[in-house]
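Shared chain: chain A. Partners: chain B in the first complex, chain C in the second.
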Partner chain A sequence: MTASFAGVPCLAVAFPATGLAYNTLVVLVAVATVGCAGGVVGTLALLRKRPLLGDAAAHATLVGAAAIVLLTGRRDLPTLLTGAAASSFAALCLLALIRRCTRTRDDAATAILIGVSFGAGVSVVTWMMARGLPGSGTIEQLLLGHAAAVTARDATLLAAVALATVLVVAATLKETVAVAFDAAFAAAGGWPVGLIDNAVTALVVLMVVVGLPTAGGVLVSALLVIPPVAARQWTERVGPLLVLAGLVGLASAVLGVLASIAWPGLPTGPAVVLSAALICLVSILGAPGRGLVARRWRERELVRRWAAGRLTEEGLALERGLHEPWGLAAGPSITVPESRRP
Partner chain B sequence: MNEAAGWMLPDAGHLAFHAWSMATAAAFSAACALVGSFLVVRRMSLLGDAIAHAVLPGIAIGALAGGQLGGPLVIGGAVAAALLTAWSTRLLRTAAGLAEDAGAGVVFTTMFAAGVVIVTLAAARVDLDPECVLFGSLELVAFDLMSIGRLMMPRATVSAVAMLALVAVAIGATWRWQVFTAFDTPAACVVGVPVAAVTALLLTATAVATVGGFEAVGAVLVVSMLVVPAAAAELLVHRMHRVVAVAIALAVVAACLGWLAAWACNTNAAGMIAVVLGGMYGLAALVAPVDGVLPRAAAGINLAWRVAREDWLAQIWRAQEELGGGRAVPRPMPRSLLERAAVWWLWLVGQVEDRGGLVRLSVAGRREAETVVRSHRLWEAWLGRHADLPLDHLHPPAEWVEHHLGAAVRQRIEAEMAGGPDPHGREIPPESG
Partner chain C sequence: MLGVGLAYGRTGAGGGPAGPPVPVIATTTVVADLVRCVAGDRVAVECLMPPGVDPHVYRATPRDAGRLLAARLVVASGLRLEGRLATLLERLGERVPVVHVADGLPRDRLLEAAPGIPDPHVWFDAALWSETPRLVADALASVDPVSAEHYRARADACAARLLSLDHSIRGAIASIPRDRRVLVTSHDAFRYFGRAYGIEVVGVQGTNTSAEAGLGDINRLVELIVSRRIPAVFAETSVTDRDVVALVEGAAARGRRVRFGGRLYADSLGAAGSGAETLAAALQANTALIVAALREPVADAAPPSDAMGIGP
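Up next, the complex of A and B:
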């Protein structure tokens, strides 16, 4: 614990007030920052219509982590994560290559990458175990996550990378969002779409890698997919969407960690994923605009008004622009901007 | 136990011991490849991945309720979990407007997390090992035997073969509907194919195939067996029944090779099978007859090479025509490396004679050059008559098409033009050879 890890003293000051054990607080901070950053970066991947990029990246981390242990003999977390990041970035490059050079469709290419890279990783790790080589146990902790094994030093590293990721997203918001929404338009406007795509891919890889120690390789993609989907139900604008996704990720991380404290034996990674899923479920059902309940209610309301013969009035109101923007099939396609209304 | 079954006892040094686990891998891979072909064609690969992950809680709950692995309770739980996954992914698409892959991503991670929680919390009461659930342990299947009549067989082998038979019967019985739905769902819907039922059957078959070798292969590696053989087969052949046959063949070969490789290197068999499958896919992507990267690149290079040679010959022919009398002309300057190579090649095969910087075509060279120039000028004449282009716009398209016109087309154009010069007033050379 050197002075360079400035987060640790802050934790030391904070923990007597919360009543949580010091180790728990360390884990909580790490998981929370990673969850928050995962939500933000995942939003970009979701908008780019590549929500499972993180899944492919996550499954490819195993082989890199094993390879770097074999090559360097070191098995501290930063080394493992460096190897993991390298192999997962390589896998995503391979995915882009398959997409470009073969007839194989996107979904199949992603599935191939997931299966084969994970198979390679499993083979290498099992081989290491059979040879009695050191390090296979540490790598295995990256598979399903082992939050309790995260030290304060590791936590500071994870939190720092996650924060840096969020800052990068914030700094390049205009570019990444433009490419995510309409790559063809961005390309026509002279933006370096390929470069920005690669940058977003790199961010996804970073998020996956820092999520590994707590959530594990198989589940870390959930941190990138579920919070943006939940947040999407509440807003139509990209700024609030990013913030909300970050908050959902943060909230589910905190909920998951607290649940795993309250219920001994409950693994932290799956608990975080299940909390996120719970928030997502509530959002999909209960969000005011796009939520299922709200939509059903609008449909029934429409039928009722139809039956009451007041639909003509409603139509006139719509024409005057006084009507609520939510139609039957809620979504931006029928939302008339304020300026365009008659 | 009797003598007939005696040689099949689990003896780690014995051939039969290994044969059983290899047979398990092959049967399981074949079943996965069969359903996977349809998943890949229907662009549902990721749903297959999702189902392979999502059967975990179903299996865990089935096992908690007292079912045995490979027993009806566990399979029922897995199928229920698979259908729940498909149904909720669909609901997320129709009700929440979520893309299919995003929906699958949400659902299967949630289900898998639930499965891990159940397995971890109930580890003491259930015979399910989280490690085994992830990685599988194909090497150990021969330790767990059951008797079928007089035969002692590993339970996992029986289960994998039974699932293969079940899946084959289900897909085979609905083959025409499956293919129709896979290639054109709206049309199938219109002519009255029960599309929803056909899809549900495919997803159920996926769940059944998945659960058949779950303990042997593990949740995460199932996806490679579902998708990779089918994706490779799709690159190699283009009819559905051939895709299925090739996928199954590849899967069986990969299962045996991967198993042997794992045995030789002392590592995880399922992982090695996935790696071998990946190698097969890579090979198919590189060398597939029509769609492979290498054949396509070779075809492109071949064309560029022919164009370079033909352009060079035509250039000298035109220069000689201008000079008249078949006299040698100064050698033009090659513009690219490929053209330089073409010049050298043409000199080597004797189509161009080069004497101290002056070049002329040999008889063979002249014949080829005349064919190219004839194609060029006929195409200009045809364009001039039919396309209503100004004179100076005729050359570029003809420069491109001259390499692709066959003798039959040239003849027809000539018949239509009834002789005469090309639009620029130059003579069209006669068909040579």
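Up next, the complex of A and C:
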């Protein structure tokens, strides 16, 4: 009955050449594009120092998905995701309003919103379940994700949205990065900071929503946070950071899907998040510049030079490097002097 | 003994010694149907879970707790079918008698979902389920001893009807050619059905719907469908059908057209007006769908000859 959609042909054509099972290919396409785009968009949110934006967006999706099922009676994926996106965006607008109009701390406001919107979602779903209304099972699947059931049409939709998101980021890179680094400076320079902030918020919402079917509402925000943090260990510059974050997202997606096939019982979404966490751990330990191992090594080098009476300007520069906080916006990037290498 | 029973039954039906109907709550629609069958109008049966609800994941609301406490007897399906009600039912047992009907079935006739854990979906074997009316009658008699004989007589009639249902299902399934007797469904609810009526059953998810089907399971099933030339796959009314859609698509990509056989009644009976409000009707509806979808082979590969769809 569901054999021919737009988008399926290209997957069906690509399928014999890959040597993968067809459903594996479909899921791989969906998860990999979403993972990649999640890394890119997540980088923007992280640069803007709002890593919890994704979490807030994700927790607000449940109520919208449930409400739209109640209102329309339809429970196909595009309908569900439309509802999820609507409530998620509404919640983030509310968050912006709280930030602007009250004196609540940003993280406190986010925490409140996460709790309230998720509570509302669980209430609606439980109410539906108690009434025996159809669709509560489908919505619950969005909560934990269900990558194995992604069809070619779903995959096409998710991949298209993810690609469009990346294109938007690429097209507006200058503006978004300027605002992310120094909103006040950007505003002084005449940039429409509010508009750009809203655009980034919208991108985060889109990424969270397309991540729901595979990773689920509880885990999807991890796909926006972990890859950028991992990528940040390897580079000091924004362009490479975005690309690397996308690659880390992609690699974790592929690893996660393969792991979930290799170990039956390991669900795909959590496997992807765990793979991302593994890459992040390796990066934090082993990256040449910021990695813990490299820093410890430089520290010992510093002591050695001190003992040898050769502490000079370069030593002070090195010490600044050791204590530089995470996050690009912390200050001007440090160019590694030649002398820092032993 | 028989004479007394008949006498009681007749006078009771005529409105003799029976008081107001005894309030009884059944957890699932299947059990509610069973209790109604056994109790007749002596009991006001209320069903906790509405039709269409998946009992594996149903969570009780505070109002439910109140309803359960107000009952004289609570009848549950048992064998851990009501996963998320288990603790509530256990604690309730201190205040109101709770009967888990499937727990009273002989252990050697149960299938195992996992080592040591019995599969709770016993009602799909009508012959096995025909043991339960007697258990319900005993439970009802313990809270309403006046009508005990009434319940026992009705229980025997229920059991007889289930046995004749068992017979007709067996005949219908036997009309499917042997090599096509494979039932692929959303979750492993139909293993008793398979054992009783000689049809191989394969579920995408395990016995419990709250576990997620992995990608490996989907790939394995697509392989099975293609290699065994299985003509149709089925979804269930109380479980999402996204897994099954993925199966159809995966098989199509391998050049094998698979029919969507329709939605089977699994862990919940149909809503009012669906024509499957009773277990007998639901089992018959399931059997009709299965027979219609599996009796004819599906044409190989590309030729577009599957337009006939599901049938009535």
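Going forward, the second predicted complex is superposed on the first by the 301 of 342 C-alpha atoms of A that agree within 3 Å, B and C clash if a C-alpha of one lies under 4 Å from a C-alpha of the other, contacts with A are read in each partner's own complex, and residues count from 1 in each chain.
We take it that a residue touches a chain if its C-beta (ideal position, glycine included) is under 8 Å from a C-beta of that chain, and two chains touch if they have at least 3 such contacts.
The shown structure was predicted, so the numbers you read here are calculated from the model rather than taken from an experiment.
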{"item": "First, second, both or neither for A:144, with chain B first and chain C second", "value": "both"}
{"item": "Which superposed partner A:110 touches (first chain B, second chain C, both, neither)", "value": "first"}
{"item": "Contacts of A:130 with chain B and chain C, given as first, second, both or neither", "value": "both"}
{"item": "Touching partner for A:266 - first (chain B), second (chain C), both, neither", "value": "both"}
{"item": "Winner by number of chain A residues touched, once chain B and chain C are compared", "value": "B"}
{"item": "Which of chain B and chain C A:121 touches, first, second, both or neither", "value": "first"}
{"item": "Touching partner for A:152 - first (chain B), second (chain C), both, neither", "value": "second"}
{"item": "Set intersection of chain A contacts, chain C complex versus chain B complex", "value": "126, 130-131, 140, 144, 265-267"}
{"item": "Touch list for chain A against partner chain C, complex", "value": "1-3, 8, 11-12, 15, 21-24, 26-27, 75, 126, 129-134, 137-138, 140-141, 144, 146-152, 257, 260-262, 264-268"}
{"item": "Footprint of chain A on chain B - complex, ascending", "value": "40, 43-46, 48-49, 53, 92, 95-99, 101-102, 104-106, 109-110, 112-114, 116-117, 120-121, 130-131, 134-135, 218, 220-228, 230-231, 234-235, 262, 265-268, 270-275, 277-278, 281, 285, 291, 293"}
{"item": "Chain C - residues contacting chain A, complex", "value": "49-54, 57-59, 61, 63-64, 209, 212-219, 222-223, 238-240, 242-243, 245-246, 248-250, 252-254, 257, 259-260, 268, 271, 309"}
{"item": "Interface residues, chain A side, partner chain B - complex", "value": "46, 49, 51-52, 55, 59, 98, 101-105, 107-112, 114-127, 130-131, 140, 143-144, 218-219, 221-222, 225-226, 229, 232-233, 265-267, 269-271, 273-274, 277, 280, 284, 290, 292, 295, 331"}
